[in-house]
Every structure is written in structure tokens, then in C-alpha cells.
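Once you scroll down, you'll see the structures, which are given as C-alpha cells.
Each of the next two complexes has chain A plus one more chain, namely chain B in the first and chain C in the second.
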Partner chain A sequence: MQQLINGLALGSTYVLVGVGVTLIWGLLRILTFVHVQVLTWGTFVTLWLLRTGLPVPLAVLAGMLFGGVVYIAIDATVLRPLRSRNAGEFSYVIVTIGLALVLETVLRMLTDGSTEAFPRDGFPQGALRIGSLSLPWLHLATLAIGLLCVAALSLWLHRSSFGRSLRAVAYSRDDAELLGINSGAAYRVAFFISGMITVLAGVFIAASTASLSYSSASHLLLVAVAVIILGGMGSVAGACAGGLILGVVEVMAQVHLSSELRDAIALLFILVVLVLRPSGLMGRAEASRV
Partner chain B sequence: MFDFLGYYNAILIHQSLIIGLLVISVLIAMQAGLLNLAPVGFMAFGAYTSALLTVEAGVSMTVGALAGALTTGLLALLFAVPVLRLRGIYFAMGSLALGQAIVVIIGAVEFTGGQLGLNAIPMGVPTVLLVVLVVVACAALEMVRRSYVGRGLAAIRLDERTAQGLGVSAYRYRLVAFVISGALAGLSGALDVHSNGTVAPSQFDFGLLVVILTYVLVGGVGHWVGPVLVTAAVIVLREWVGLLGTEVEDIVYGLLLVVTMVLAPQGLSDPAMWRRLKSKLQAKREAKVAAV
Partner chain C sequence: MFTRKLRPVTAAVVLGVAAVSACSAPGQAEQPAEGFPREIRIGVPLDTSGPVGPVVEIGLSEREGIRVAAAEINESGLLGDSKIVLMETDTAANRNEAVKAVTQYVDKGVHGIVGFTLTPSFAAAAPVAQRTKIPVVAVGLSGGGVEETGDLVFRTYPNVATTVYPPADVAFAKDFGAKTAGLIYASDNDSSVAINKARKEALEKAGVKVVENVAIGSQDTELRAALTKLKGASPDVVVASTTPGQVPAFASQAAEVGLDSRMITVDGTQTPATLKAAGEELQCAVFQAVWSTISTKGNNEHFIKEFDKRSEREPDTFAAASYDGLWVLATAMKAANSTQPGKVREALLKIKDHQGALGTYDYTQGTGAPTLSGEAMIIDGGKAKAYESGQSCTA
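Right after this comes the complex of A and B.
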């Protein structure tokens, strides 16, 4: 039971990662492998601000804004030229792989490659005890915020007019433009929100491990791929379910199999889901090739 | 044969040729419109297969290397049969997962030596062999390019639907291309391990994948000459500039990849890009003449 709770706690951070990613990868169908670098940069900005004595909520908010702005900048400088040329899907993957290496290397030079301690003061501490079970407040907060993000994003995408126009752009950019939707603005908003949620995820992960380095989040890229594929491309609810399932399975594998193989679980998940049910748990049918 | 270059340069050329094989491996998959993000994992698979066979079972290096290539090709086949049904982008993501999974599992299990890897592996790969392999691979690529199969591959790259309609089986072409790509990557891994005598999971990292992708895409996927020339040019250049192994090198590779994809999406060997450039220059010259 305690393991299940630990798994859900890990899964809740994956939910946040997945929700940030699903907006870009799933809905807009732009695979940005630079996502994890946005997360790490934003988390480092939060860390630096925390060290100047800024209160936690302000520092986190500033980090999130930074993440959003960085993502918009990436979109405007690198991705928009590709989009305007109707470049193939692979181009986005390749261009962001290159960008990811650049951003990661620059961060490594800035931080001398060292692992920094991430202060936990100001984050929820202690644990809720129910019988023999212990539920750390930090993980409860992560889960609550994750679910809140999922709900808010779902509502926003399906009920608000801007969310609808974003989905229209995702469906067909040309048609949406003809209907008077500013597709450029839709992309910018999507990237901004995704960047903010992503940095939020990074901050909670750093707070739960109490450490942060230029490469401490690098495994999250494959986690994100696993969550998205498991949940189904573009489904916010699917990202939520996928994140929680992955978290539980990873913790169970660590306990019952071996801790080294834990890292391979996400990868095996990707492969199994791709073979058995490529559309994921809650995605649309996807297996149509040609 | 390469003694006149000195010990250091000989090693450099040797390593570059192995990287060249890996570049050709990715290029083969790309000829069929597949983005293979698993070459580094395949390389690791081939390297460990051959290393374990020669050390534990005592087979010769030739047998080990061939077995490495064959088993990696088999692995690629097992992966590709189900996953090739999916849209290309899923295939790319799946291959990334496969490649990473191979390296992670190698680092996690016991008989591969875990994170420490293996050493005292039989050594001795003549550089001439590598030269022959690269030349043969390039010649084969050129022959395929000019054949019926090559035109079929070009058709799949251009417009899969139309190609299918004209009777080109995209599935079969892709399957064969991916298996060959995997086998070649496995072979390059086996050759690498018998050149160095040691192998560890850490050498198969994400940076290597970026380097390979840079060579392939900056060179251009349309014709094999581009990537091969770019690989040679970059390796010579970075020796001269003295960037080898520094952080600046990573940044340069990353930026090179980004700038190329934004400005010349088909790579530098794309004739259409040079035509555009030429016509632009000509227009400028004519404008100047007109002004005079």
C-alpha cells in the first residue's frame, strides 16, 4: 500500500510533465525534444531566485514565466520558419534535438556541471499519517496541482473560445486561418502555457529530490514520450492516467525487480504500447499508415 | 598502409571510418523515409554481442563481428515488423525508446559488466578493412540509387501515397532498409569494440546521436555523397580548430544542426538549394548591371 502511494507520488510529477507536453506534442503535433531543457532552465532560474531570498511562490512563478517566454522564443526563432515551410514532422524532432544539446551544454558550462542542493524551505513539509501509511504533503500538493492543471486545461481547451480556436488550429491551420483565427497567437499561447506547466513540474521534482543539476531531468524526455504514448496523443486526461500508471509501475518494478531496471520500464512501456495499442489509452485511432 | 600519417592521425582516421559506417547506417534508413533514432543503441548491441562472444565463447573476431551484425539486424527486424505499421513519427519515437532501452539494460544487467563495461577484448581491426567497408557501402548506395529500387525509395520519400498506388510496397522497402541499417550499426559497434579493446555503456550517449544526425542532415539525405563529405570535412576541421571533446564542440554541433534545418532543410547537398542561391545571386548581379 505504501508502495502504491509512493508510486502515485512519483506519478503525479509525471502527470505534470505529461500535461505540459501533451499540449505541444499531442495537440499541435510538434515534437519538441527541447522540452526537458526548458524545464531544467526554468527550475534553475527558480533556484537562483530562491537564493536571492525571494519567497517561494514568487520565485516559482518567475521561473514559470521564464519557461513560458523561453518556449515562445524557441517557437518564434526556430519552429516558425519550419512551420511556414510546411516542413515534415521529422524536422521538428531534429531541430529540437540540436537545440536541446546546445541549451544543455550552455547550462552545464554555467553551473560547472555540479549538482546543486534545492532548498525545501517554503515547500509543504512533513507527512500526513493515516495508520501506518505516510503521505508526504509535498507529494499530495504535487498531485493536487497536477489534477488541477489537468482539469483547468481540459476545461479551457473544450469550453473557452480560445481553447476551441487552439484545437481548430491543431486540426487544420489553413482552415482555422480562413475562419479568422490568429494561428500565430494560438501557437504562442500553447507554448507559453506548456512552458509554465513544465517548469512547475521541474520545481516539484527538484523539491522532492532536493537536488538539481544540468542533467538531472534528462530521463524525463523518455518519461514524457512514455506518458504521451501510453495516454494517447493529445488527450489531457490520457496524460493524467498515463503519468500515474507509469509512476506506480516504476516504483513497483524498483521494489520487486531491481532498481537498475527501473529506468528501462518507461522504455519498455513505450515499445509495448506502440505494438499493442498505438493510439494509447484515450487517444484516437492512430494506426493508419497511408 | 596508413603509417605515414603518424600514430595519432591513424587512430583518428580509424575512428572516423567507424563513425562513417554509423552515418551510412542512419542514411540507409532515411533513404526509405525512416528516422532511425536507435543507431547508437544498435551500435552498443553489436559491440556487446561481439565482445561477449569473443571473450566468453572464444570465437574469432570475424565470427564475433558478423554475429554482432546479424543479431542486431534480427533485433531491428523484430522491432520493425509491428512498429512499421505506425505513422513515421511514432516509429521515430519507438526507435528512440528502443535505442535507449538497449543502453540502459546493458548498464543494468550483470553479464555485460554493468556500468563498468568489459575490457581485455581481443583487438586488431585493420584500417584497410574499414576503408573497404565504407567504399563498398557507398558503392552499394550509389548502385541502389540508380536502380529500380532506388527510384522506388525516392518515390516513397516524396509521396508515400502515390508510391503505394504505383505498386511500390513502402512497408517492404522500409523493413529491408531498417534491418540493413540495424545490421550495419551493429557491425560498426563490433568493429569499434575490437579497435578499442574496451566497451562501456557511457560511450553510447545522447551526444553521439546528435553528432551522427548532424553529419547526416547537414550533408543532406538526397544523396549519400553529402553526408560522407560532411563527415570527413567536419572531422578534419575540428582537428584543425582544436575543438575536439570540448563543450564548445557540442554547442557548435547543435547550432549547426539547427541552422541547417532552418535554412537548408534538405541539407547542403541539395541541388535545389544551390539553384535557388545561384538564381538569387544572378538576380542581384543583373540588378547591378541594370543600375549601371
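Right after this comes the complex of A and C.
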């Protein structure tokens, strides 16, 4: 039972990562490999602000805003020109991989490549004890925030006019513009929200591990891909389910089989799910005219 | 920041060019029968750039330790009118670069090599130095397979898997009255695997039953599953052979899952960054440190003073081991009154009471490895302190 809780605790951080990326990858179908760098840069900004003595909520909020603004800047300078030329998916992949390498290298130079201590003061510490079971407060908070983000995003996407506009842009940018929707604004808002949630995920992961380095989130790129594929491309609720399931599968694989096979088993599980359900757990099957 | 990163490369190039141009007869080492040449050329192959940030930091620390030692030796007149000239090479965490560097040292006639940040680079390049009769003092390698390379190869940093951790673990376990132990190690890291194996064998030999041996990845920071498994075995002590960077996650997550066994961790736990990140959760953790700022062994206090005076970096274990490396070689040359490899080797093997930053060096066992064992430490009140046998600690 405790290992199930550990799996859900790990999954709670994956939920936030998955929710942050699902707007861009899942909904807008833009493959940006720079996502983890936005997370890392924003988390470092939060760390630097915490060191100045700024209260945790303000430092986290400032880091999130930084992540949102950086993502908008990346969209405006790198991705929008590609969109305007109707560039293929491969162009986005190549360009964002290059940008990710640049951002990672600059951060490595700025931090001298060292692993920094991430202060846990101000974040929930300790664990809720129920009998022999232990539920870390930090992960309970992460899960609560993740679920809150899922609910808020789902409501926003399905109930607000701007959310509906975003979905229309995701479906067809040209058709949406013919209907008078400002697609540029839709993209900017999506990138901003994604950047903010992504940095929030980074902050909670850094607080959980009490450390941060330029490369400490590099494994999250694979996690993000796995979560949204498992949950279903474009489904916010799917990202939530995918994150939790992936966390539990990884922990169970580590405990009952081998730590070295953990990632392989998690990916094998995703493969099996996709064979049985190609659109993911909560994704909608797509039909196309051939 | 760019200038800081470019500085090592520039300095290495400048020093290298200066050293080469200063050579009166490039291509062959000056090996007078007795006494010293005007310039004693020392090859310094270190990883001061490369893809892995922490490795670069180690390389930079090592280079600084060697520079401080060179300046001090030259000022002291230890080698008479002769001066040590460093030929620094950035081997960029690349074994091919390391081999290239040593080959160039051979061409340029160096009298000794002090360096090597990573084992793969050393393993590829040190045999070249051995074949061409250049004495080598390896400074940053903590695993096995160093002095075994050849009779001209020596080391300053002890093999932690044989002489540092296992005997300390047994002493700690005895102090705590531990009957059972749980082990955790990084299965994808050769050093961690070797250390864990040696610790396990030593504990079992001492009558401590190993009730759980859990593997993690060296990059893992989410350790709750592994720690829960350890908790299930209820060991009296938990022996962590993780990387130092994993210690904060190990300590904080152990507290979260309710693992309250006494912790025996690794060297590096005493660094300010680790202590700050781990907070109160490391209280009462013990470990064996090869070097620390509070150590009074050897001439460590002098080293720290000199390092603070001559360098902008903070002293650390790698700077200390490198500082000792050049001093050990220079001391042997002085004793031999020669730079001839055979005589330097003989003099190195006679070093018995050399006071270094890591402690008192004794190479008389003839293996090329010093008899250093480090110092027992305990975390108390957020600080690393010397640990005395039987010392109590309030968690």
C-alpha cells in the first residue's frame, strides 16, 4: 500500500508536467522540445528569488510568470515564423531541439554546472501518518494543485469563449481566423499558461528532491511525452490519469522487478496500452478521409 | 560567465605555449644525472571543460590545487634555482584527448605528470606515460585500478572502496550496536557498485547482517520507493553508497517514509550545499570523509590558508588531493636530487611522513597508494563535526 502511495506521489509531479505540456503538444499539436528548458529556467528564477528572501508564494508566482513570458517569447521569435510558413512538424522538432541545447548550455555556464540546494522552507514538509502509512504533505499539495489545474483548464477550455476559441484554433487555424478568432492571441495565451504550469511543476519537483541543476529535469521530456500519449493527446483529464498511472507503474517496476528496468517497463506498459487503445486512455479516436 | 569558462582554456594554451617555447631542446626530456634542469616540466591533464558540469568543477578545483602548490614550491626554493613549469591540458572528459595530451607530453619531454580527473581518461592515457617512463601522480581518482597500471604510477586520493568506507562502516556499526544493515546504491555507477560491494562484504564479515540491498539510478532523486523497501526490512543502520548529490533527497525522503534507522552516508555529505539542502533530516548521520575544512590532519590548516590566499575558489577535496599530488612529486624529486624516473620512483616509495592536506602520506608499502583513511564525521545541528567513537547525538 505504501508503494502505491509512493507511486501516486511520483505521479502527482508527472500530472503537473503533463498538464503543462498537453496544451502545446496535445491540443495545439506543436512539438516543442524546449519545454523542459522553460521548466528549468523558471525554477532557477524561483530559486534565485527565494535566495533574495522573497516569500515562497511570490517567488513561485514570479517564476511562473517568467516561464509564461519566456514561452511567449519563444513562440513569437521561433515558432510563429514557422507557422506563418506552414512549416512541417519536423521543422518544429529540429528548431526547438537546437533552442533547447542553447538554453541548457547557457544555464550550465551561468550555474557552473553545479547542483544547487533548493530550499524546502515554506513548502509543505513531513508526512501525514495513517497507521503505518506515510503520505508526504508536499505530494499531497502537488496532487491537489495538479487536480485543481486539471479542473480549471478543463472548465476554461470547454466553458469559456476563449477556451472554445483555442480549441477552434487547434482544430483549424485557417477556419478559426475566418470566424474572426485571433489565432495569435490564442497561441500566446496557450504558451503563457503552459509555461506557468510547467514552472510550477518544476518548483514542486525541486522542492521534493531538495536540489536543482541545469540538467536535473532532462528526464522529464520523456515523462511528458509518455504522460500525454498514455492519457490521450489533447485530453487534460487524460494527462492527469496518465501521470498518476505512469508514477505507479514506475514505482511498482522498481520495487518488484529492477530499478534499471523501471523506465523500460513503464514504456512497455505504454506500448501495450497504445496497442489496445491507440488514442490513449482518454483520447478520442480520430477518423480521416483517405 | 563566458570569460570564466574561457579562462581555463586560454590559460592552458598560454601556459602550454610558454612552456614549449621555453624548452631549450623540445622533443627530449632533460635528464641530468644529478640535480635539476632549470625548468621542471610537469604535465597537468585535467577535465576543465566538457559536457558534464560537476566533472568540470572537479577539474577546475584540481587545476587550482596544482597551481597553488606550484606557486608555493617555486617560492619556497625546494628545488633550488629550478622552477616547476606546468603544462596544463584540458582533456575535456574525453579519453582520446587524454591520450593525445600524454603523447604531447612525451614529445615535449615532461619530467612528471600530475592530474587525471576521470578514470576512463586515466586508464587510456596512463599506460602511455608508464611505457615512456614518465612518473605519474593521479589526483582525482577514488576507485581501483590506478597504481596497478605500472611501477611509475602513484595516487594521492585513496581507494575509498578499500581503505576508507568499509573499515569506517564496521566501526560505526559497532559504535551503534547495529546487528542489521540496509544498503542503497546506484547500480548504474561503477564506483557506487564497487563501494557498495566492499561495504556489504565488510559488514557481513564483522557479523552485521545485511537485510536489504536496494538499487537506484545515479540520476534518481525520487527515492521513496527504494527507501520504503529499506524501511520494510527494519535495519539498525542504513548505509548509503549514493552519489553525494543524492544525499539531500535520500535524507529528506527517508524522513518522509518514516525510515528512522541511523544513517551512514558518503564523503561529500559535509559540503555546504548538501547540508543546506538536506536540512534537519541529516541530523546524526555519520560518514568517513577523505578531506574536510575542519580536518586538522597533516598540513590541512596550512593548505586552506595558502589556498585562500592564492585562489578565488573555495578549497575542496579535489583541490586538496591535487595540491598534495604536486607536493608529493616535488618532494620525491628533491629527495632524489634528480628528475630521473627511476630515482624519483625510489624516492616516492620512501616517502613516509609527508604532511599533506589529506593527511600524512606513507608510500612505503610499495603499492603506489598512500595509507590514508580519512576522518569520521557526524552531522550535528546542521554542521559537519569530527566524530568521536561512542559520541551521542540527539536526533
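In the analysis below, the second predicted complex is superposed on the first by the 270 of 290 C-alpha atoms of A that agree within 3 Å, B and C clash if a C-alpha of one lies under 4 Å from a C-alpha of the other, contacts with A are read in each partner's own complex, and residues count from 1 in each chain.
Assume a contact is a pair of C-beta atoms (placed from the backbone, for glycine too) under 8 Å apart; a residue touches a chain by one contact, two chains touch by 3 or more.
Values in this document were obtained by computation on a predicted structure and should not be read as measured data.
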Q: Would you check which partner chain A:T111 touches, where first means chain B only, second means chain C only, and both and neither mean what they say?
A: second
Q.
So in the superposed three-chain picture, is A:L155 touching just chain B, just chain C, both, or none of them (first/second/both/neither)?
A. neither
Q.
Output check: A:S258 vs chain B and chain C. Expected answer is one of first, second, both, neither. What do you get?
A. both
Q) So, A:A73: does it touch chain B (first), chain C (second), both, or neither? A) neither
Q. Regarding the shared-chain residue A:L99, is it in contact with chain B (first), chain C (second), both, or neither?
A. first
Q.
A:A210 in the overlay: touching chain B, chain C, both, or neither? Say first, second, both or neither.
A. second
Q) Thinking of the overlay built on chain A, is A:R85 touched by chain B (first), by chain C (second), by both, or by neither? A) first
(Q) Touch test for A:G7: chain B only (first), chain C only (second), both, or neither? (A) second
Q: State whether A:P119 touches chain B only (first), chain C only (second), both chains, or neither.
A: second
Q. Where on chain A do the contacts with chain B and the contacts with chain C coincide?
A. 108-109, 258, 260
Q. If you look only at chain C, which of its residues touch chain A in the complex?
A. 1-2, 4-5, 52-54, 56-57, 187-188, 214-217, 219-222, 224-226, 228-229, 245, 248-249, 252-253, 255-258, 273-274, 276-279
Q | Residues on chain B engaged by chain A in the complex (per definition of touch) | A | 35, 37, 79, 82-90, 92-94, 96-98, 100-101, 104-105, 107-109, 114, 160-161, 164, 170, 206-207, 209-210, 213-214, 217, 247, 250-251, 253-258, 261-262, 265
Q: Could you pull out which chain A residues touch chain B in their complex?
A: 29, 31, 78, 81-82, 85, 87, 89-91, 93-95, 97-102, 105-106, 108-109, 218, 222, 225-226, 229, 258, 260-261, 263-264, 266-268, 270-271, 274-275, 278, 286-290
Q.
List the residues on chain A that touch chain C in their complex, please.
A. 2-3, 6-7, 9-10, 13, 108-121, 126-127, 129, 132, 134, 136, 208-211, 213-216, 219, 251, 254-255, 258-260, 262
